[in-house]
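Each of the next two complexes has subunit A plus one more chain, namely subunit B in the first and subunit C in the second.
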Partner chain A sequence: MSTPTDFLLWVRGPGFDIALVIFLIGVIIRLLEVLVLGRKPDLAEARGTEMGPGLRTVFTRTLPESGSMKRSPFTVVGGYVWHIGFLICLFLFVPHIELINSTLGVKWPGLPSNLVDAVAAVTIVTLLAMLFSRLNHPVKRFLSGPEDYLTWLVTFLPMLTGYLAYHRMIDPYPLVLGLHILSVEVLMVVFPFTKLMHAFTFIFARWYNGAMAGRRGVQS
Partner chain B sequence: MSGATLERGLNAFREQMNAPVAAFFSSCVNCGMCAEACLFYTETGDPKYTPINKLEPFRRVWEREYTIFGKIKSMLGLTKPVTDELLAEWEELIYDGCTLCGRCSMVCPVGNDVSYMIRRAREGFVAAGYAPDGIKNASRRAVTIGSPMGVKFPALQAQIKHVEADTGLEIPLDKAGADYMALLSSMEIINFPEYLEALARIFKQAGVSWTISSEAFEATNSGIQIGASDIARELVGRVVDAAEKLKVKYVISPECGHAYTAIRWEGPNLIGRPYNFKVIHILELLDELRASGRIKTEGTDDDRLTFHDPCQIVRKGGVLESPRNLLNMVTSEFVDMKDHREMNWCCGGGGGVSAIERAEELRLKVFKRKTSQLEELKVDKLVTACANCRLVMEEGLEEYKLEIPIVGLTEMIAEYLVEDKE
Partner chain C sequence: MADEMMRFTQTLGESLRERGVSRRGFLKFCTATASMMALPPTMVPAIAAALEKARRPSVIWLSFQECTGCTESLTRSHSPTVENLIFDHISLDYHHTLQAAAGEAAEAAREAAMHENEGKYLVVVDGSIPLANPGFSTIAGVSNLQMLEETVKGAAAVVAVGTCAAFGGLPHANPNPTGAVSVSDIVKDKPVVNVSGCPPIPTVITGVLAHFLTFGELPELDHLGRPMTFYGQSIHDRCYRRPFYDKGLFAETFDDEGARKGWCLYRLGCKGPMTYNACATTRWNQGTSWPVESGHGCLGCSEPNFWDTGGFYNALSIPDSDITRNIGAVVAGGVVLGAAAGALNRSKRASAAAKHETVTIDDLDKTS
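After this line comes the complex of A and B, so read on.
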C-alpha cells in the first residue's frame, strides 16, 4: 500500500470484503442474541390481537406523538432530516446504485448528483447540529457516553469524506475516495457491536410494544 | 424479602431478561425524548429522571451478559458492573421517581416500552434488598394482614353495616353461585365507602347477582408495585381461590388502577394458568349495563368537569371507551384535558409511589403537571375512577390550594340512577 491507488484497491477489494463479512455475521448474531431470549406466553385473556397492532406501531412510531413534537422539536426535526438525508445519499446517489448493481445485480433510478450534493450538505450540517445538541441539551448530555459519540463519529465520517470526494477537495482523488470507502467500512464494522443496531432492532422493539399494548386493547 | 443479596438481585434481573427487553435496550439511542413524556422530568427538570436512565442497572446486566460485545468488553474490564452502591443510588429513581404510568412507552421513537422494563427491573431491586420501606411495609401488611393499609375484615364488615343501614339494601357476603364477585381496595373501604354504596344500589337496580368474599375482598396488590412476584402471586392467589370457591363467573376489579393490572393482566401469569372466571373492570360492567338498558339515569351534573384517566385502567389497561360513555350519560359540561385517554398525565402517585413516605415532597412537586392541565380547562369538578389517583389528587389540590372537588365515576352514576321504589 505504497501509493494512493494501492490504498484504493485495498479498500475496494479485501478491505470491503472483511468489513462486509463482519457486518453481516455481526448483525445476524446480534439479532439472534435478542430473539433467542424469547418471551413467555401471556396467559391473561386477551382483549385485542397482537399482530395487527404490533405491525401498526412499527409504522406509526415513525411519526412523532404530538406532545414530543412540541417539547423536543429539534430532536424530532433534526432526526428526520439527517436520517432521510443519509438514506438519500446512500441509496439514491448514482455511483452508489452502480456499485450495488455491480455486486447484487439490482438497480433503481437515482437522483441528479447536484441534488444529492445539496442533500449531503444539509445532512452534514444537521449531523453537526445534532452533535452540538447532544453536548448541550441537559438530558442528552446526561445520558450520553463514549458509545453515543463513537456512533455519531462513524456515521458522520462517510458523509464528510463522501462530500470531500465528490468535490475533489483532497488530492489525489484515489486517496480521498479510498478514505471515503474506508470510513464506510469502519461504520460497517462498528455497526453490529453498538447501538447502531437500532436500525434493525427498532422493528422488533416497536412490534413488541405495539403487540403487548394491542393485547390489552390499546394502540400504542 | 428476607435474605436479599446482590447475587439474588442479579439473578432476578436475569430471570426478567427476555426478547422484548433485549430489543428495547438494543434500540435505545439516548435521544432523550422519553424525558419529555415523564412528569418526574418535566416538573423537576432533573435529567436523572429520564425514564430510560432509571433502567441503568438492568441495562448493565443486559450489556454485560446478553451481548457478545458486552461480554468481550467485560472481560477487558471496559464495562461497569452492577454493585450495591449502584442499586442504592438508583432505588430512588426506579421507585420514588416512577409511577409505572407508561406514558414514556407511548412516545419512544424506536418503540421501547420503558415502563414494562421498569416493572421487571424492580424485581431485581427487591431481591437485592433495595426497595423503599414504605412499599416494603405495605407489602408486608398485605401478606400478613391481608391489606396494604392493614384493613381487616371487621373494618369492611362495619362499612357494610353502615351501607346496609343507609340504603336498606343487603350486601351479599360469601354467596356461592353469584355471577359476580366484587373486590375493593382498602382506600375504598376506609376513605371512600360511597363506592360500596354505589355498587349496592346499582346492582340492586340492574338485578346483578353479586357477592363479596370475606376471605378475599382486597383488590390491591403491593407485590406488583414493589416488584416481588412471589408476594404478587400470593395476593392474586387469594382472590383466585375465593372466586373459584364461590364459583362466580366474573370478578369485578374496583375503581383502582393497579388492582386492575394485577388481577386482569398479571394474575394468570403469576399463578401460571388462566382463570376459571373472567375479570371485568367496574367501568366496563357499568358500561355494559348502560348499553343493555339495565341501568338508566335521570338528570345530569351541569358543572364544568373533566375526567382524569387512571393510567393502569386506560393506557395500560385498555378500558378506553367505557369512562366517556358513562360520563356522557350523566354530565352536560364534560370537557377533556388536552392530553387525555392513552396520553393522559399520571397523578404522580401510582406504581406504589403514594406508599413511599419519603417520596411525598417529590410527588407533590410533580403534581404540578396535573394542576397545569386543570388550570387550562378551568373546571369546577374532577371525575376519576381510581381511589389511589383520587387520594393523591386530593392531597395535591390541597397543596396547590385549588378547590376542585373529586368524585368517583361509579358513585356519580349511582347519584343519577333511576331506582324503582319498592
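After this line comes the complex of A and C, so read on.
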C-alpha cells in the first residue's frame, strides 16, 4: 500500500470483495430472520383482499402523510430532496452505470455529468442542512442516538468524496477516487446492521400495513 | 578542436544564428515555450533574453535499465525543429547512444565534464537502477548505482527522463526481478525532476531544459516530482473525446460504430482519468496525433506502476474480481445463514410459547 494507485487497486479489488460479502450476507440474514418468522395465521374471516391494497400502500406511503407538510415542512422537503438527489447520483451518473454494466452486465441511459454534478451539490448541502436541523431542533436532537449520526456520516461521505473526486479537488486523483470507493465500502458494511436497512425493509413494512388493512376491509 | 572550444563557449543566441535560425524563428520558439509553460506573453522577451545569453550547460545523460525508447523519442520525432537545435545547443557531453566516443574515451568524457562543470551540470537519466544485484546492469564495469551516485555528486540537478527513471517503469513491474528502483529512490540530496512517460513527449524534455536555461532553476513540480506545466492536468480533462464520456457514448470494441464515430474509449480500458500528461494538448510527432486520437485508450504510461494496474484494457476504477460469481456464492451463503437465523428465531418463539404459563383469575386470587 505504498502509493495512491496501490491504495486504489486494493479498494477496488480485495476491499470491494470484502464489503460486498458483508453487505450481501448481512442484508439477506437481516431480511430472512424476520421473514422466516412469518406471522400468526389470522383466523378471522377476510373482508377484503391483501395483495392489491398491500402493493398500493407500498407506493402511496411514498407521499407525505397529510398534515406533515404543514407540521414540519423542512423535514419533508429536505428528506425528498436528498433521497432523490442521492438516487440520481447513484444510478444516473454515467461512470456509475458503467461500473454496474461492467460488473453485472445491465445498463440504462444516464444523465449528463454536469447535471448530476449540480444535483450532487444540492444533495450535499441538503444533507448538511438536515444534520444542522437534527442538532438544533430540540425534539430531533432528543430522538437522535449514535446510530443516527453514524448513518448520516456513512451516507454523507460517499457524496462528499464523489464530489471531490469528480472535481479533482484532492491530489492525486487515484487517492481521492480510492477514498470515494472506500467510503462506499464503509457504507456497504454498515448498511445491513443499521436503520439503513429501511431501503429494503420499507417494501415489506408498507406491504404488510396495506395488506392488513385490506384484509379487514379498511382504508390503509 | 578550436572550433569545438568556440562552440562550447558560444551563447545559445550566437550558436542559433550561426546555424541560420532567424530572429523571427527564435522568437516564435520563445513564444511557443512561454505558452507551453503557461507563462504570460510578457515573459516572452525575458525568455528570449535569457536563452540568447545562456551558455550551453553541460549535460550528462546516463542510460541504465532502459530500452532507448526515450532517446529515440527525443531525437527522432522532433528533428529538425528548433527544439532539436535547443537540444543541440546544450553541451551533451555523455550519451551512450548519441556520442561518437566509445570505451575508455567515453568514460573519460563523462569524468572530464563532471570535473570542469562541478556543481553546474545537469544529469539526465533514463532507465531504472537495479539493486538486487549490481551485476544486472553495468557500464564499463561500473554498476548503475555506483555511476549514478558518482555522477550526481557534483550535479546542479537531475532530470529523470521516462517512467523507468522516474518511477521504476517496466523493470520495476511485478515481480521486479532486478530490484529496480527509480532515480528519486536513490538521489535524495539534489533536485530531481521526473519527466515521466513511456516514452515522454520530446517537447516536455526540451521544455524542462528551456525552463532551466531561462530561469536557472527547475520548474514547479507536482507531488510526483513532475513539472506542473506539463503534468498539471489529466488526459481525461483535456481529451477531445470527453464530451462523449459525459454523455455516456462509448466505443465497445475497436471497430464498432462508436469507435468509427470517435466516441469515448473508457470501456476499452482508457486510463485517461488517472493519467497526468500533456499528450492531449501537445500531441506527438510534431503535433500530428496522440494515442486516443488514433483510436486506442491511454495506457497511463506517465503514472507509477502503470504495468501493474490490472491490464491495459480494464478500467482502473472498476472492481476486477468476478462479481457475478462472487454474488452467486455469497447469496447462497447468505440464504443458508439467514434461514438458520430464521429457524433459530422460530424455535425461540416456539419455546417461549411452550414455556408460557397461562394465568387465570383463580391463580391471581391464590397468590394474593
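Things to note:
We adopt the following convention: the second predicted complex is superposed on the first by the 220 of 220 C-alpha atoms of A that agree within 3 Å, B and C clash if a C-alpha of one lies under 4 Å from a C-alpha of the other, contacts with A are read in each partner's own complex, and residues count from 1 in each chain.
Assume contacts are C-beta pairs under 8 Å (C-beta built on N, C-alpha and C of every residue); 3 or more make two chains touch, one makes a residue touch a chain.
Note that this is a predicted model, so its numbers are computed, not measured.
Upon superposition of the two complexes on subunit A, no clash is found between subunit B and subunit C, which fit side by side. Once the two complexes are overlaid on the shared chain, A:G67 sits against subunit B while remaining clear of subunit C. By the document's definition of touching, of the two partners only subunit C reaches A:V21; subunit B does not. Rounded to the nearest 10, the superposed model shows the Cα centres of subunit B and subunit C diverging by 170 degrees about the centre of subunit A. When the shared chain is aligned, subunit B comes close enough to touch A:W207, but subunit C does not.
More residues of subunit A are touched by B (comparison of subunit B with subunit C).
Looking at the shared chain after the overlay, A:L43 reaches subunit B, while subunit C stays out of its contact range. By the touch criterion defined above, A:L35 lies against subunit B and subunit C together after alignment on the C-alpha atoms of chain A.
In the superposition on chain A, A:V94 makes contact with subunit C only, not with subunit B. Aligning both complexes on chain A leaves subunit B and subunit C separated at their closest CA atoms by 5 Å. According to the touch criterion, the shared surface of subunit A, contacted by subunit B in one complex and subunit C in the other, consists of residues 29-30, 33-38. Residues 222-224, 234, 237, 245-248, 250, 266-267, 273-274, 276, 303-305, 308-310, 315-321, 323-324, 326-327, 330-331, 333-335, 337-339, 341-346, 349 of subunit C are the ones that touch subunit A when the two sit in their complex. Across the complex, subunit B is touched by residues 29-30, 33-40, 42-45, 47-48, 57-58, 61-62, 64-65, 67-68, 71-72, 75-76, 79, 137-144, 148, 151, 192-195, 197-198, 201-202, 204-210, 212-213, 216-220 of subunit A. The touching residues of subunit B, counted against subunit A in their complex, run 17-24, 26-33, 35-37, 41-42, 45, 47-48, 50, 52-53, 66-69, 105-113, 116, 264-269, 272-275, 278-279, 315-318, 320, 339, 342-343.
Residue ranges on subunit A touching subunit C, taken from their complex, read 3, 5-6, 8-9, 12-13, 16-17, 20-21, 24-38, 94-95, 97-99, 102-105, 109-110, 112-114, 168, 171-174, 177, 181.
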